[in-house]
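Down below are the structures I want you to see.
Across the two complexes that follow, subunit A remains constant while its partner is subunit B and subsequently subunit C.
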Partner chain A sequence: MSIETSPVFLLEVATDQPIEADLLDGIAEQQLVHWEDEWMPVLRDVVARMKAAGIERSKWPQSLHWDWRQKAQGFERALANPGFCVMCQGMTQGMMFLDLLHKARIASQAGKELVYIEYLENAPWNRRHIAGDQVRFAGVGSILVRAAIELSREEGFKGRIGLHSLPQSNPWYANTCGMTDLGADPDYPHQLRYFEMTPEQAEAFLAKGNTS
Partner chain B sequence: MALKKTMTLNLTDAEMGALEDLCEKKDLSKTAVLRQALRLYQAVETRVENGAKLFFENEETKEKAEVMML
Partner chain C sequence: MKIEVTKDWCIRMARLEVETGADMGIGGAPAVANPDAVALDPSSGSMPETNIAFGRFVRLMRRKRRQTVESLAEDAEIDVAELVEIEEDNHHRPEPRTVYQLAKHFDLPTPSLMQLAGLSAAKNASFYAEAIRFAARSETVEDLNDIERAALEAFVSVLNDRK
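So, the complex of A and B:
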């Protein structure tokens, strides 16, 4: 499998300057090693500190149980499940797996094909609720959502995307991405809220540029 | 995005008709419908190879019919 690279820009928070990065249309061994060796130790440390401080479980990083190696093995060679990642300064800054076999639920688009974001995760040092004022790069999530929209357009799905959001990410998908919140899904584990983006919302998101 | 290769596809009138009907119904191009069909076929094949069965269920009667894969 050949992986294509596209140039993108992140915002380096410390300097408030744009910095060159790459969007890759695949997740390879290098990204999985970064997840295991760089992301997970940070996440485990954060959880240990939160636990020691008596912080309730709902405030812990909610993607902690996601096993990217297992996901990558499960989606290997699956045409319906492409992966994407953002690389910057030789490090994986975010990863995403998609599913192209989902249908839109929002009334105006019901039954039409969309790109479903199965998993999207930012490196822990880029997350405000983990890194606080020390956040390294902003814009990773937006770049990955944009990649999902672009793929949706390329496949003829008009930019429609959908996803179930972890509670900590609900405000970001609703406010930053401008997706429609269709409420808690009773048929989904933990009844996560389901969000969808119409072609018009996708257009608006792309027009907004890289703002977070 | 990944580079694409071009192929010629020979279809009967009936097959072309079915493809055109799907394109209209799904508001997709012929290429998009066929690419989607390939993804779906591969996904079903993989599940079946891993021991899963494919069923259609009537929402009202809950009657299930197994789809036999070739």
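So, the complex of A and C:
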């Protein structure tokens, strides 16, 4: 299966300038190598420094245990689990795995199909709580969420998406994405909060980037 | 799948991300304790016996299954370095997600293993007495001997009784 590329733009935070990037509708060996060789050393270094400084574990990067290679190998034959990534300046800036077999939980949409975002991670140098004022690129998360919405529309799910957010990310999905917070999910590890986006909320999210 | 996204849209949303200082992680298990668990103060030195018992328990369960550290880490989807720390360092405080994965792999109730790992408090003292008894009986040798096997099986039944 070939991977298609769509042109997108990221914001280079240091210069406040748009930078050309690509949205790919797949995750290949190159992205997994970037995760292993570029992302993980940064994350391990950050954790080592936080540990040495006595910073509590709840403040550590919450995606430390994700294993993209394992997920990619597990999903690679499953057509129900497409992936997307954002590439910029030859480096993977963010990745996302999806699942097309989930159903909506919001009462008004209950039982209808949606695109469930199984995993989404930004490169460590793009995360404020890791890179601080040295954040390299902004916009990766929004582009990946938009990709999930666009896929939902293409599949006939009208833009419905669902996800379990890591605690550090709850405000973004609730406030900026305008998703419905269905609360802590007792059936999910560590009872992460479950968020869902209706077709109307998907429209509103897309419109948010069109208004000046 | 081709997606049409304008430059303006990308940049406006990127500026929103900068303004809100947003992080976008989704899925997986965070590095925070189970909110239902009763947190123990690691500096208080609480329940050192359960820490010893937890490391020994994991090691014996692995050996009973004739697994290497690497293969258990791979099968249980946990970090091999942390598994080594669990087995070798009695003062290591394991990640909740690791304990959750081990409980799933060993087919044991997660709350019981959380208690044994010192991540939550047991509801009664008999649990700690069982853990101490298990730790005392289970010296680490190459092959599981009959006494170790009996101690392991007895303790597994204690953990399962707490479902």
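Operating definition for what follows: the second predicted complex is superposed on the first by the 209 of 212 C-alpha atoms of A that agree within 3 Å, B and C clash if a C-alpha of one lies under 4 Å from a C-alpha of the other, contacts with A are read in each partner's own complex, and residues count from 1 in each chain.
In this section, a residue touches a chain if its C-beta (ideal position, glycine included) is under 8 Å from a C-beta of that chain, and two chains touch if they have at least 3 such contacts.
Small disclaimer: the values here were computed from a predicted structure and weren't measured.
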Notebook entry, point to check: So, A:Q30: does it touch subunit B (first), subunit C (second), both, or neither?
Noted result: neither
Note to self: If we overlay the two complexes on their shared chain A, which of subunit B and subunit C does A:A138 touch? Say first, second, both or neither.
What the structure shows: second
Notebook entry, point to check: Does the superposition put A:S2 against subunit B (first), subunit C (second), both, or neither?
Noted result: first
Notebook entry, point to check: Which holds for A:G156: it touches subunit B only (first), subunit C only (second), both, or neither?
Noted result: first
Check: Once the shared chain is lined up, is A:L100 touching subunit B (first), subunit C (second), both, or neither of them?
Finding: first
Next item on the list: Using the superposition on chain A described above, determine whether A:R128 touches subunit B (first), subunit C (second), both, or neither.
Entry: second
Check: What's your read, subunit B or subunit C touching more residues of subunit A?
Finding: C
Note to self: Counting contacts the way the document defines them, which residues of subunit A are shared by the two interfaces, the one with subunit B and the one with subunit C?
What the structure shows: 4, 25, 150-151, 154
Next item on the list: State the interface residues of subunit C toward subunit A in the complex, per the touch definition above.
Entry: 1-5, 7-18, 20-36, 77-79, 95-97, 100
Margin query: Looking at the complex, which residues from subunit A come into contact with subunit B?
Written below: 2, 4, 25, 78-80, 100-101, 112-113, 150-151, 154-158
Checklist line | Residues of subunit A touching subunit C in the complex | finding: 4, 6-11, 13, 18, 23, 25, 57-58, 60-67, 70, 94, 96-97, 117-122, 127-129, 135, 137-147, 150-151, 154, 163-169, 171-172, 175-176, 184, 189-192, 206, 208-212
Note to self: Going by the contact rule set out above, which residues of subunit B touch subunit A in the complex?
What the structure shows: 1-3, 26-29, 31-32, 35-36, 38-40, 42-43, 46
